[in-house]
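You will see two complexes here that share subunit A, one where it goes with subunit B and one where it goes with subunit C.
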Partner chain A sequence: MTLFLQLGFQGIALGMVYALIALGFVIMTKGSNTFNFAHGEFVAVGAYVVLALMPHLPYWLAFLGSIVVTVALALLVEATLLRRLLDKGLTTVVLATLGVSIMVHALILMVWGVGTKGSAGPVGSGTVEVGGVVLPLSGIATIVASVIVLAALLVFFRRTPYGLALRATASHQEAALAQGIDIGRMFALSWAIAAVLAVVASIFLASFPRVVSPSIALVALAAIPAVVIGGMDSLIGAVVGGLIVGLIQVLGAGYLADYGGGKLHEVLPYVLMLLVLVVRPYGLFGSRGIERV
Partner chain B sequence: MAEHATDLLEVDGISLSFSGVKALDGVTFSVREGEVFAVIGPNGAGKSSLFNCISGVYRPQAGSVRFGGDELIGLKPHRVARKGIARTFQNVEVFPAMTVQENLLLARDGFMKAGPLSCMVRIGRSAREEREAVVAVQRYAEMLRIDHLLSAPVGSLPHGTQKRIELARALAMEPRLILLDEPVAGMNHDETSEMGEAIRTVNREVGVAILLVEHDMTMVMGISDRVCALDFGQRIALGTPAEVARDALVVNAYLGGAL
Partner chain C sequence: MTTTVSAPPTGSAPQPEVAPARRRRVRAGTIGLVAWLLGMVLVPWLGISDLWMGVGIFAIIAAVGALGIQVIMGFTGQISLGHSAFMAIGAYSSAWLGVEQEQPFWVWLPAAALVAGLAGALFAPIAVRIRGLYLAVGTIALVFIGAYVWETWTTVSGGAGGRLAAPVEINGQDLLDGYWSGGTQVMTLFQAWWYFAFAVLLVVMVLTWNIRRSRLGRSMLAVRDRDLAAGVVGIPVTQTKTVAFAISSAFAGVSGALLTAYMGYFTPGQWSLMLSIDFIAMVVIGGLGTITGAVLGAFFFRAVPEVVNWLSAYLPGISQDAKVDGGVTAPLLSQFVYGLLIVVILIFEPRGLNQLCRKPFRWIQQRREGAR
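Entry: the complex of A and B
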């Protein structure tokens, strides 16, 4: 039972990280009709920049600096590439993001090398014991910070003009234009929000026991099964999908370590994703219309 | 007539073709400040193309569209909207997942002058802006008798109500001109007369000019100050409803020359 609680806690913490990344995917998909395969690399850039700034600045400034850099990168890609390709069709745009992803990955290797680095998390490797269950501080920080970010996002979408305008753009672009909404700005805003979420996710993805390494982008892409399971156009779906993927991975790693060379848990989210695609292609919370994407 | 002193919208010789097919062929008319102006014509006469040229969705190959003296051709649709031209769509385009109030708030001009972060914490300018917007939205909702539905999600409401919400949303922009694309399409007799009444009320109480495209002749003749008839992309008549109804070309266009 203790093991289950411990794994469950870690699974929820990891799931929240996936939820933040998955939300970025969904917000970009809804806001600008694209699926951005470079998003995993945005997460990696976030972690590397925090790590690079940490020795020179207080942690929170390193974090803000990373947000500035990552948002700038996202806006650059959106404005120079995506906005120009929009009328060329979804496949073109998606392939372009794949190209960007490979370029950013190469750039990271050029600047920081192929080796693994230290942790980029806000708290160290400490633990607390609650009723016999050992909880790492990094997990607690992950859950607390993610809940705060999710609440802020909820307020943003429900209660601010920008949130409303983004929802309107996602709902019907022509009608949004008729309200005087500059949908180009909304595309950019959705990418900027996704980039901010990527940086928040990155510091927790690179928290104890994990570290910053070039493969962090690949780990971040486990948010893709989360998006598919939850539904491509559902914000709630992204959070639920993220938690499901986090829990399966951690519980799988704990209980199935003796099978498949201890690698089985990495496959499980994708098995579930394929199952969802066959049985319920629009995901648990998605709308049916999204199937054609 | 085209050079009338209080002309709000001047459509001057616009032509639009799609790969050789002429949708609009030198159409000219103007809408005066505060009037209800209808464009009629059989299916395919170019009514929707005309709307899309004014609202910036299409760009005509020739001609000009001036609004309050400013050229509109070449402006993006959201810029045209900000100039003071609101519109409704043939198939109601409300935002179904939002409440009626959210739909209306969205349309408020200058609603987004405060930055996104100050909107989050709701202080100073953004708080004041929001209070003002809520009051204005309440007023337009009352005018169209949807004020009791402000917190309801739009998607769950009947078609006729959604049409009124769309009109209220257009009003909430406080435009100088509203374009109505078939405001009574798909409505029964009662809903149609109710909508006609609503359009008249809006025009009278707010003084906003209205340019509408419609099939329902009874409705058009009942509420319009002037009517322009199109056929095959050309203007075939322009005048008061009575004049246009008597026009031989119009009768011919509608009845296909069977008489």
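Entry: the complex of A and C
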């Protein structure tokens, strides 16, 4: 039971990280009708910049600096590339973001090399014991920070004019345009929000016991099953999907280590994703936009 | 339009030239095809270095896979990021048949197509339920599940260390040793493999060409343009998509089997998401929906990294081998240029290289028509 609670806690912590990344995917998809395959590399950029600034600045300034850099990168990609390709069809957009992903990955390796670096988390490797269950401080920080960010996002979408404008754009672009909403600015805003979420996710993805390495972008891609499981246009779905994927991975790593070569937990999210696509192609919370023919 | 102008009699009669314009364009295409075929046959004897012959062979093999992607993406309009998994299935089934079962290449090569095609048909029930973005994202699962299977199923894959690939033996000679006749080497390994891969590519090209012109091909195009409308006019949409998936996976399987046979040895790590992206880039940048585009894209994207590698020797500040702590290296630079080219070409000519190459000809044609 202790083991279960411990794994469950870590699963939820990892799941919150996936939820933040998945939310980024969903917000970009809803806000600007594009799926950004380079989002994993945005997460990597966030982690690397925090790590680079940490020795020179207080942690919160390093974090803010990373947000500035990552948001600038996202806005650059959105303005120079995605805006031009919006009317060119899905294939073009998919390939373009994949191209950006390859470029950013090469740049990261050029600047920081292929080696693994230290941890970029806000808290160290300490633990607290609650009723016999050992909880890492980094996990507690992850959950607390994610909940705060999610609450802030909720307030933003529900209570601010920009949030309302974003929701309007997502639900009907032409109608939003007719109401005087600057659609282009909303596209940029959705990418900026996604980039901020990517940075928040990155510092927890790279906190104890994990470290910053070039494969962090690939780890971030595990949020893709979360997006599909939850439904590609559902914010709640992204959070639930993220938690499911996190729990499956950690519980799978704990209990299925003796089966299937000990790496079964790495593919379980993808298997579940395919199952969900068979049973509910639009995800658990997605709208039934995609019909079967 | 030139009737009002009393042009000086230069001896040319403009009127009869208008009618055969269409025939002339067809002939230009035929001339291009014949020139390409002749060129491909002659290339091995032009004294090209082994390095570039190798790149060419990789390009020919990639073109086979790219044609498979063309069937599913270009013709049927379904994005698949999972085709590296089908390549792997072709590779492993061919290696098992060629090494463990000691079958000749004319058994393992079609078998690779068959097994990969079957795998594609098995995945199709999931794929036909989802469309567009969901399909693109969903097919990623294939790559990761595949990677897990290859790493875990060590009796077939040899584990992380890799395994031997099936040998291509003609007249009892391994093609990787070149082709010998009476104690003298008639063809080097590169020349022999060039022709072998080219022969397979020609077969796949003719198949793709025929698919495109058949009832099935027209159904695929209809499904691509609007699957709902295609269903309304009586095209079996699900069946068409399933067949398209099977065919394209079969081509991917052939490409995977050829690729590993040429390399002689392969590891589970090479069937990555990057390989799938590679093929999508070839097809989209080459030109969606055309056979020329797929072949063009394959040669382009196999040549680019090598060209950058070659150029980087002349550029300052670029080291030739990988570094742990950063720095611009030749492989990283070629990777960056690869991504940059995808993005730049998409911005300036989203219809691909195929259209880009035709632009000068079209410009000349317009000038000539304008001058008349």
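Just a few scattered comments:
As a working rule, the second predicted complex is superposed on the first by the 289 of 293 C-alpha atoms of A that agree within 3 Å, B and C clash if a C-alpha of one lies under 4 Å from a C-alpha of the other, contacts with A are read in each partner's own complex, and residues count from 1 in each chain.
Please note the rule applied: a residue touches a chain if its C-beta (ideal position, glycine included) is under 8 Å from a C-beta of that chain, and two chains touch if they have at least 3 such contacts.
Everything numeric here is computed off the predicted structure, so don't read it as measured data.
With the two structures aligned on subunit A, subunit B fits next to subunit C without clashing.
When the shared chain is aligned, subunit C comes close enough to touch A:V271, but subunit B does not. In the superposition on chain A, A:F35 makes contact with subunit C only, while subunit B stays out of contact range.
By the touch criterion defined above, A:D182 reaches subunit B but does not reach subunit C. Using CA centres, the angle subtended at subunit A by subunit B and subunit C is 90 degrees, rounded to a multiple of 10. Contacts of A:V69 after superposition: neither subunit B nor subunit C is touched. Comparing subunit C and subunit B on the residues of subunit A they touch gives the larger count to C. Of the two partner chains placed by superposition, A:L135 touches none, neither subunit B nor subunit C.
Of the two partner chains, subunit C is the only one that A:H105 touches; subunit B does not reach it. By the document's definition of touching, neither partner reaches A:L243: not subunit B, not subunit C.
Once the two complexes are overlaid on the shared chain, A:T160 sits against subunit B while remaining clear of subunit C. With chain A fitted onto itself, subunit B and subunit C come no nearer than 20 Å, counting C-alpha atoms only.
Of the residues of subunit A, not a single one touches subunit B in one of the two structures and subunit C in the other.
Here subunit C touches subunit A in the complex through residues 73, 79, 125-126, 129-134, 136-138, 140-141, 144-145, 148, 151-152, 227-228, 231, 237-238, 274, 277, 280-281, 284-285, 288, 322-329, 332-333, 335-336, 338-343, 346-347, 350, going by the rule given at the top. Listed in rising order, the residues of subunit A touching subunit C in the complex are 29, 35, 81, 84-85, 88, 90-92, 94-96, 98-107, 109-115, 221, 224-225, 227-228, 232, 260-261, 263-264, 266-267, 270-271, 273-274, 277-278, 281-282, 290, 292-293. Of all the residues in subunit B, the ones that touch subunit A in their complex are 55, 57, 76-78, 81-82, 86-87, 89, 93-98, 102, 105-107, 109, 111-112, 114, 116, 119-120, 122, 126, 169, 173.
Listing the residues of subunit A that touch subunit B in their complex gives 152, 155-156, 159-162, 164-165, 167-168, 171-172, 174-175, 177-183, 189.
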